[in-house]
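Heads up, there are several structures right after this.
Heads up, the next two complexes both have subunit A, just with different partners, subunit B and then subunit C.
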Partner chain A sequence: MTPAVLTGDLGRTFTAKPFGSKSHKPVTVTALSHVNLEIPPGELFGLLGPNGAGKTTLIRILSTLLLPSYGKAFVGGYDIETHPQKIRSLINMVSGGETSGYGMLTARESLWLFTQFYGIPYNEAFKRIDYLLKVVGLEDRANVKLHDLSTGMRQKVNFARGFLNNPSVLFLDEPTLGLDVHIARGVRTFIKEWMKEEEGRTILLTTHYLQEAEQLCDRVAIISDGKIIACDTPDGLKKLIPGRIRLELVIQPVNGRTPSWNDITGLNLIEEKEADNEILFRFLLNDEGIVHHIMNRLVNSEARILSLKKHEPDLEDVFVAITGKKLCDDETAEPPEIPEQ
Partner chain B sequence: MIEGEGFWKFLERQIRVIIARAYVRVVGMNREPSWMLFDVSLPVLYLAAYLFLYKSMNADETFMGCLVLGGSMVGFWMNVLWGMAGQFYWEKEMGNLQIFFLSPISRMSILIGMALGGMYSTIIRTLVTFFLASWLFHVPFHVTNIWTLLAVFFLTLTALYGLGMIGSSVFMLWGRKGLFLTELLHEPVFFLSGFYFPVRILGFVVAGIASVLPITLGLDGMRQVIYGGVTNIIFLPVGTEILLLGILTVLYGIGACYFLNVMEKRAKQDGRILTRWL
Partner chain C sequence: MALKEILRTFKSALWLSWEVETNWTSPFLYFLYSVIRPLFSMLIVIFIYKVLAYRNPNEDLFQFLYVGSALGLFMLGGLGGLSTILQDDREHYATLKYVYMAPMPFFVYLAGRSGTKVITSAFYMAVALIAGRLFLNIPILQGGKGICLFLLVFVLGLCIIYAAGFLLVGISMLTALHHSFFMSEAVNSILYLLCGVIFPLSMLPGVLKKFAQILPFTHWLELARRALLPPLSLDNGFTGISTPLLLLIFMTGLAVLSLTAWGTFHYIEGRARRKGLLDITTAH
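The block that comes next holds the complex of A and B.
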């Protein structure tokens, strides 16, 4: 079976002239490095990584907007460099946080404009448009001009645009970015249903929302500094860190004394957050025996324990264990909704 | 063309794209009728300053006619610069450019759609300005041959918008830097193309060089036909100008296709299609 997406040793570098530097030598930045991926048709594949990891660069190459510096990439069996038009007829892409269209047109007209790029006849186009506007909760705003819609609403119109041509391969680049909780949940449900509607539909989803990746994806690749460092099902990835547990500890220090964790072997401090004289620590432990050392330190520092929770590891823990880095900043770490369990 | 797609299917799809992109401009104009007030009243006011001067000097009516026609046609050059060449910059800013490049369409169809939509609004503006200025300042005109006039007019537009399409490819690669080029082209082109005077005054060599801009030949040809019988302002015979405009149309059309392909490839190599701050 022809893979929906196939890359072989794919890489991309950018050169830029440094601003304000005495040196006029261009600086080369590696955005993607030797990426090898194979996504079969019908898979919802996630690409998980922090900002600047290379997720968007990979999507731009696969959607024919950017040429690779080296390596090969195929979408639907077609080479992105030699058959871009064929690929464009099979794909679509939605970037979260983006808007598109023209302010003077209504949401419905704007989507009609984009259906014409795929040669969709008038009646069929409006049938699809009305259905998609309902999905994104804009059926009552269909005839409102885009410049009279809020930014979030324009994002929803842009999301709907991605499904207009019934693509075989859909690239979703942070699709729920900036969407409100209710709509983000609806978008995820729609993505799952859309995949089920027709066999062979493929989605490549980039996200830094862990729960989104866990909830939606059949397989997830973790990308960091342009390299794919792990690729498996969400459960398979968690098995990469067997026996590990995550601990969340909230303490109230006494006399300003906080315990030190540096020299405890097998203890990885993922996060430390202080507010209102309370400190939250998130640890990843190699084994449960380490809890004993933590408790000793707490006793020595006389800190008050406000809460202590043990969790199974999630994809962020996997990411931290593999890369030694956090996946994302505090502001972006939470998904736009409490995940459905 | 997509592999496996027949010619007629391809053509149908491109026509749909052209209509859809032109629709944006036509609808935009109809939904913002205030443009008519500004786009017509301001050029007429601008022309009025010169026309009062000419009148006070008892200048030949032919020269006043040159001014009225040139001033009315200014809209086309502005539309080509800002509505065609510069439009890709704004499309990039609005997030539309990447959708054009994601879709299995010819970039030329998008540009033709833009051109047709732009022509529609600019023709209305030009006609209203021309007739209003001619009526207000009693500038007589006498069209000697309507078909010749239409031939010169439409060939001028096709060549001019072809030039605008070449400009679009520059904007695709240069982005904001292209805006400086647009600024740079304003006044020199107004001068060299003889918008407000017969280009013949500049001498044959300068007028010849300025003829790479279709509007130079177009204005000269239309003046000959609209102000029938005038001979003292002619740069080239109208037949020659029609021929040259036809050649320019073909050259700029081919040039636009070529440059769009080259610039798209370079933009994809450099990653400039989506880089908004450029």
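The block that comes next holds the complex of A and C.
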């Protein structure tokens, strides 16, 4: 069976003069490095990584907007360098957090325009537009001009645009970024239903939201600094850190003394937050025996323990364990509310 | 590439261009604006002539200036409109990447997307020429003579606008927003100065005159003038060259320009894809 997406030793570098630099010597930045991926038809494949990891670069290459510096990439069996036009009839893309669009057009007109670019017959086009506007909760705003819609609403129109041509391969680049919680939930439900509707549909999803990746994706690749460092099912990835546990500890220091964790072997401090004389620590432990060392340090520092919770590791823990880095540093990367399955 | 696909792409892109260009007003007011604007442009030309030829009025020079300016509204206006559309989509509306990855012929989209600007420029020219005939008694197409030649020249004018326009659109893929506007204005200014829009080529210094004489835009303006006006007593650098020969020279130039534009556009499109410039934003 022809893979929906196949990359072989794919890489991309950019050359630029560093901002503010007096030197005329350009700097080469590696966005993607020797990426090998094979996504079979019918799979919802997730790409998880922090900002600047190379996720969007990979999608730009696969969606025929950018050529690689080396290596090969195929979508639907077609080479992105030699058959971009064949690929374009198979794909679509949604970039989350974008407010692109012709502001003078209504939501419905904007979508109609793209149905024409995709050669969708009139009657079918309007049916599909109405359906998609309903999915994103904009059926009552269909005739409002884009520049009169809020940022989130414009994103929804952009999301609907991505599904207009029923693509065989869909690239979703942070599709729920900036959407309301309930709309994001609806979008995720729609993505799952859309995948089930027709056999062979494939989605490549990039996301910051770990729970989104866990809930939606059949397989997830972890990307960091342009390299794919792990690729498996969400459960399979968690097995990469066997026996590990995540500990959340909230303490109240006494006399300003906070315990030091630096020299405890097998302890990885993921996060430290301080507010109102309380400190939250998130740890990833190689084994449960390390809890004993933590308790000793707490006793020595005389800190008051306000809470101590043990969790199963999630994909972020996997990411931290593999890369030694946090996945998200900014508040915007807080995961949205995900309903129980 | 199926004709149906080309027509559908062109039609929807033309519709988009109409919405983009006219969204600020009603169709009636847009029509009114499209009538008034060229009339005021021509009034400026008339006043400039009146001031300069105050002591020595020269009817032939006036006709040359007036008709050249009217033709310039079409040729330079259309070209200027076409050369900035890619930047509009890429930088202002941020839609170019979605348009580019749609399975349609990209250059047909660009042709349609610039359609309203080109059609409006042609309308400006028509208004200016009709006003010249009605209110200034300029013998434009007097007795219907030259109308066939003018129609042919008009169609060829569209061809040269699109050929040169695609060349500029191609180059603008590699440039930042502000460079692109600068390039468009620079090209327009050079053509305005060199192609015999407002003064005969004989007034240009030797080297510039020779350069102007090989530009297809110059040939087009001369052909259009010959179609619209009776022979003038001014030397525009093509005395002794018959209209059919001039047409042949122009068509040759147009073919060379079209091939160059086609090749350059596709080469630059590849370069832009290689450099990742199709979805960048250079203005904030």
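One rule holds in what follows: the second predicted complex is superposed on the first by the 334 of 341 C-alpha atoms of A that agree within 3 Å, B and C clash if a C-alpha of one lies under 4 Å from a C-alpha of the other, contacts with A are read in each partner's own complex, and residues count from 1 in each chain.
One rule holds for everything that comes next: contacts are C-beta pairs under 8 Å (C-beta built on N, C-alpha and C of every residue); 3 or more make two chains touch, one makes a residue touch a chain.
This structure is a prediction, so every number in the text was calculated from the model and none was measured.
*Asks:* Here subunit A is shared; do subunit B and subunit C fit on it together or clash?
*Replies:* clash
*Asks:* Contact-wise, after the overlay, does A:His83 reach subunit B, subunit C, both or neither (first, second, both, neither)?
*Replies:* first
*Asks:* Figure out whether A:Ser260 sits in contact with subunit B (first) or subunit C (second), or with both, or with neither.
*Replies:* Neither partner.
*Asks:* Once chain A of both complexes is superposed, is A:Asn296 in touch with subunit B (first), subunit C (second), both, or neither?
*Replies:* Neither: A:Asn296 stays clear of subunit B and subunit C.
*Asks:* First (subunit B), second (subunit C), both or neither: which does A:Leu67 touch?
*Replies:* A:Leu67: touches subunit B and subunit C.
*Asks:* I'd like to check the shared interface: which positions of subunit A are touched by both subunit B and subunit C across the two complexes?
*Replies:* 14, 60, 63-67, 85, 88-89, 91-93, 98-102, 104-105, 109, 113-114, 116-119, 161
*Asks:* Any idea which subunit C residues touch subunit A in the complex?
*Replies:* Touch list, subunit C to subunit A: 5, 8-9, 11-12, 15-16, 19-20, 23, 93-95, 97-104, 109, 270, 273-274, 276, 278-279.
*Asks:* Note which residues of subunit A are touching subunit B in the complex, please.
*Replies:* 14, 60, 63-67, 83, 85-86, 88-89, 91-93, 95, 98-102, 104-105, 109, 112-114, 116-119, 145, 158, 161
*Asks:* How about subunit B: which of its residues touch subunit A in the complex?
*Replies:* 1-3, 9, 12-13, 16-17, 19-21, 23-24, 27-28, 31-32, 94-96, 98-105, 265, 268-269, 271, 273-274
*Asks:* Considering the complex alone, what residue numbers of subunit A touch subunit C?
*Replies:* Against subunit C, subunit A makes touches at 14, 60, 63-67, 85, 88-89, 91-93, 98-105, 109, 113-114, 116-119, 161.
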